[in-house]
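Before anything else, here is the set of structures, which you'll find just below.
What follows is a pair of complexes built around chain A, which joins chain B in one and chain C in the other.
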Partner chain A sequence: MQLAVNIVVLTAIYALIACGYVLIYRVSRVLNLAHGELLMLSAYLLLWTASLFAGHAIAAIAAALGLSLVVGAMVYLFLLRKLTGEMALAAVLTTVALGVLLRGVTVLLWSAQQQYPAVPLGLSNWAIALPGGARISLWAGLLVVTTLAVYASLFAFLRLGRWGMRMRAAGQNPLLAAQRGINLHAIYALAWSLSTLTGALAGVLIALDSGLGQTMAIIGLKAFPAALVGGLDSLAGALLGSAIVASAEVILIHHVDPLLSEVIPFLVLIVVLMLRPWGLLGTREELDRV
Partner chain B sequence: MSRRPRASGYFRTDYAEDLSLLPTRLERSAVLGLLVVLLILPLVASPFLIDLAAQVFLAAIGALALMLLTGYAGQVSLGHAGLLAAGAFTVGILFKELKAPFFVTLPAAAAVGALLGVVFGLPSLRVRGLYLAVSTLALNFLVAYLGGEYEARRGFSTGIVVDPPSLAGKAVTDARAWYVILLLAAVATLFLCANLARARSGRAWAAIRANETVAQTLGIGVASYKLLAFVISSALTAVAGALFAYYRGFVSVEAFSLFLSIQYVAMIIIGGMGSLAGAILGALFVTLFPYAIEASLGALIGATAYAGLSFAVNAAAFGAVMILFLVLEPQGLIGLWRRLKTYFLLWPFRHRPVGGARR
Partner chain C sequence: MLLRLQGAAMAAVLLAAPAAAQDAYTIGLTGALTGPPASTYAPAADALRLYVERLNAAGGIAGKKINLILQDDAAEPGKATANAKKLLAQDNVLLLLNASLSSTFAPVVAEAKRAGVPVLFASSVCPKEVYPPADPLQFCSTAFASTYDSRATLAFIKETAKEPVKIGFSAMAIPLSRAEMDFAEQQAPGLGMTVVGKEVIPPPTPDYTPFATKLKDAGANWVFSWAPWVTQVRTLEALRRLDWKGDYVAWAHIEAEGELARLKDGAFYVVGANALFQDRLPIHQEIAEAAKTAKLTYPIEQLTEGWIAGMVVEAALKATGWPASPEKLAAAMSTLKVDTKGLRGGPIEWTKDNHFRTRQYYRVYRWDSGKGAIQRVKDWTAFDVQ
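On to the complex of A and B.
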């Protein structure tokens, strides 16, 4: 039973992070390999806002999330916008470089030690007993709920909202979308903002649950196979992919070898790339295939 | 051999001239001069400088191999550290288990590299671009995991110590001897890569990079030439990893992180895509960069205050430089050099005449 709960929690973590990859890829065909570092930065921002609003936990978290929105838009406006029209790969490598830069900057500003933003905020973490003898920590439970809420609102936003429709249009055919008067730069900046926001939600909740250190970027990178397994341009796929990767990881760690934790997502990734490179639910891209 | 200047126009009249490695007298004497300087350097330089030069040569071998794959054949790889690790671990394992001498371990490392090249290359037959980069990234983690697993299982959890190789009954420990060995290896790699790039294989890779469908139509075996690029590049990289293991005398999986792969990609970007000289310039730049940062910061805020921050400062500065090159100068250092050359050649004009001149 505990195994099932672990799978659900890890699925929620991966899914919440993976939807950031999917949002950006779906709208602008850019793979953001700095996503892990961006969510780590957001978690560190919480550390900073926690010292600003000591005692006001909600205000601090809201401020950190708001800042992450700004960070995402700034990354697009000051960095990725300059690369519009270049090779897709140049953009990916730029995000890789951004990741390296952010790792260095976070260590410089906040040191490499494991830190606990829950402490200055005065928030505690306790275990909730579930039926069947399993336990889940408060923040992990909140993370599962958040993931569900984020996915529900993203689906609603992309299906029903005017901006959501514009985003889908930009993702399908940027040229036509631009000719119909859609401001592509605004759409891309919005996608980056939303993606960083979902990442920040994951980063903040993980930091509150188990503390915050440089390993958080690795969690972000491990969520990337989940996005690709499901299909890089499909939100439902990200959910499915996260479930597959998380189950494989939890079960294999439990039964085979804990050291495998780092590689399992990538093993799943290799298998899927061999069999179905566009992912389980992704649209087949003829251009990107041989 | 032509004695005519190449710079101010296109004077080549036959294919042999077009293919020659060093077409003009100036280039020939420049290369000769550089070789002489490189051979004299270890006699006068300090041990620190010799070590630095040796590191540059090692990095240059890996960067040349990656340039062949990415810059010429157009196949992106984010798994370079995995291949270096494979070479280093081949040496480490063969040495620990069988006490194998270096003339066994080096070819073995090359063979392992070639084999891994096939493995790394197989996804390239099915996916390209972004997806290929991702699959090599995944393989990088896989190789690192296998190395870590070996370390943990055999009880070398801190790393494997490798004795220096013996040449003619004597252990090679002298820094100058290493300098010469690595210089020769780098020059040999450069020569091999240059020849591959100007031969049939190079033309096939250029065609594949430009357009696979057209390459196929022209009768180029796309799959086999892609795999060839992966195999050669991986074998060379594994040899670089093996030399690294011997040079350091120590193999540990920690040395082969994702960051190392990024560094190699940075070398070929900063150097300039599609140019072997660019790969060497990039290797030089990326290898010396942390030392330059350290020296300048040490002078600025004092070495003691800086000590704890070195990794963070390096990472931040490195990321920033990589971004600057990607955004402002995608052609890299070699692009800067070409532009500078063009500027002086055309002076007082600013543009080449339409149609006439080279390129």
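On to the complex of A and C.
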């Protein structure tokens, strides 16, 4: 039973991070390689808001998430807006540079030491007993619930919401969407905001669960194979890819060798890419255009 | 503070004119001031800078100031190489210090050897070349020592355990940590312990629970971890969330004192070679006051390693005298004895063949829930370094 819980938690972590990659790629065809750093920045923002709202955990978390929404929009408006219509590679390289910048900025502002935002917020992380003798930490449990809520909201938003439909339209054919009066810059800014918000949710919950340090940026990258396995333009694919990668990882850690956890996401990725280069639920046409 | 640290480093680089260098002891450090492992090294570099600033404010050594140049290598070998080249060729440093990952050692040492300049590993792990028979140009003041740390820890477990020990190990998937846990795994059966598992955990890992689950399911009643702090403490926290009731021993990295107070776990022991601030030595008071005056960002308990490096540098330069040269400095360091004023269990003593230290001392601490404070469980125990 504990094995199943471990798989669910890791799936939730990867899925919550992976949907950020998918949101931006699906709408603008840009691979955001600074997603891990943006996730880390959001967790550091929680550290800042925790000092501002000491003892008011909900306010601090809400403020950090709100700030991450703004950060996402600003990244697009000040950095990537001018690259709209240019080669996707230029935008991808810009995100790489942004990642390097954010890593440096976080060290300068918050130092390199391990931080625990839960401490100033006075939050505990007790374990919850589950049937079958399994246990899950409070924040890991919340992360699972949050992931489910985020995916349900995103599916509803993209299927039913007016702005969601505009995002899909912009992703499918930006020229036609623009001709139909859709403000592409607003759509792209929204995609960046939502992507950063989902990353922020992951970053904040991981930081509350187990602390915060410079390695968090790399955790963001670990979810990238899950997004690729599922198909970079498919939210359902991100969920499926995360489940496959996490299952393989946890099972091999438990039954074979813990060291395999480092390579197994990429082994799964290679196998999937050999069989379906556009990912399990990705769109072939979309990938061909890239 | 890091801004100031890097600003000071930049200013030092810009102002280190050759004329000035001739009137000062110029030493340089390449270290992971940024990058993922910076939490281990940046506080040490900060403390060393503070120590040197205080020394200079007090008149320097033999009337000469110390010109400390700090260079960030972000734990990347390429940057460390460039730093070493610059410090050696451009700044003509007398001594090169390394405060970074072991992956930066080879290029830094190669450059230093070409220039005939001694290298001091300060807060970075001691390479095997400093142990007998030592390389003439490599020295180390860092607390932790491979194989000796495991011997001390296993000896502590043996004398503390009240029932047969079923031990599990937790390492980070980096060569040094794995090798140490392999060594401990080999030693444990000879001490009557049953080895039930060893988890080698890749850095970084979003969730440590799968690894902790294995250790718990294996039936470990003791777990020993010798790895970067993040791996040590997150494995413990994951085990506790799984309702594991066993005893956990880890190496007392610079984060240990703050973390013992955060976790308040009476069955979590840290074995280390530095006295914690809870020992309230006069030298601790001195460090605390200096840090307060300088408004350092890092907690004072993380400054010990860098402070000790400062003591070693001071002693080495005093023994070298003026005018100084790398050859004279290396010769002086080869017979150096540094009084750490209680920060270690004994002096750091180097000989021609031993540039680690002739004796390594260990203390063990844990959280005392009854007193609500850190408790010294075992006082200094000495191990001769052969």
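FYI, the second predicted complex is superposed on the first by the 285 of 290 C-alpha atoms of A that agree within 3 Å, B and C clash if a C-alpha of one lies under 4 Å from a C-alpha of the other, contacts with A are read in each partner's own complex, and residues count from 1 in each chain.
The definition used in the following text is that a residue touches a chain if its C-beta (ideal position, glycine included) is under 8 Å from a C-beta of that chain, and two chains touch if they have at least 3 such contacts.
Because the structure is predicted, anything quoted here is derived from the model rather than measured.
S.K.: Which of the two partners, first being chain B and second being chain C, lies in contact with A:L108: first, second, both, or neither?
M.R.: Both: A:L108 reaches chain B and chain C.
S.K.: Please work out whether A:L98 is in contact with chain B alone, chain C alone, both, or neither, and reply first, second, both or neither.
M.R.: A:L98 contacts chain B only, not chain C.
S.K.: Looking at the overlay, does A:E86 come into contact with chain B only (first), chain C only (second), both, or neither?
M.R.: So A:E86 only meets chain B here.
S.K.: Please indicate which partner A:L259 is in contact with in the superposed arrangement: first for chain B, second for chain C, both, or neither.
M.R.: Touch partners of A:L259: chain B and chain C.
S.K.: Kindly classify A:I206 by the partners it touches after superposition: chain B alone (first), chain C alone (second), both, or neither?
M.R.: second
S.K.: Given the touch rule stated above, what does A:M274 touch, chain B (first), chain C (second), both, or neither?
M.R.: Touch status of A:M274: first partner only.
S.K.: Pick one for A:S137: touches chain B only (first), chain C only (second), both, or neither.
M.R.: After superposition on chain A, A:S137 lies in contact with chain C alone.
S.K.: What is the contact status of A:R162 with respect to chain B (first) and chain C (second): first, second, both, or neither?
M.R.: In the superposed model, A:R162 contacts neither chain B nor chain C.
S.K.: Just chain B (first), just chain C (second), both, or neither: which does A:I219 touch?
M.R.: The second partner, chain C, only.
S.K.: Determine where on chain A the residues touched by chain B overlap those touched by chain C, and list them.
M.R.: 103-104, 107-108, 112, 259, 262
S.K.: Per the contact definition, I'd like the list of chain C residues that touch chain A in the complex.
M.R.: Going by the criterion above, the answer is residues 1-3, 6, 33-39, 41-43, 173, 199-211, 213-214, 217, 229-230, 234, 237, 240-243, 255, 262, 297-299, 302.
S.K.: Could you pull out which chain A residues touch chain C in their complex?
M.R.: Spelled out, the residues of chain A in touch with chain C are 2-3, 5-6, 9-10, 13-14, 103-104, 107-108, 111-114, 116, 119, 125, 127, 129, 135-137, 140, 206, 210-211, 213-219, 222, 249-250, 253-254, 258-259, 261-262.
S.K.: Would you tell me which residues of chain A are touching chain B in their complex?
M.R.: Counting only chain A, the residues touching chain B are 31, 79, 82-83, 86, 88-90, 92-94, 96-105, 107-108, 112, 221, 224-225, 228, 259-260, 262-263, 266-267, 269-270, 273-274, 277, 288-290.
S.K.: Show which residues of chain B lie in contact with chain A when the two form their complex.
M.R.: 76, 78, 122-131, 133-135, 137-139, 141-142, 145, 148-149, 152, 212, 222, 258-259, 262, 265-266, 269, 309, 311-320, 322-323, 326-327, 330
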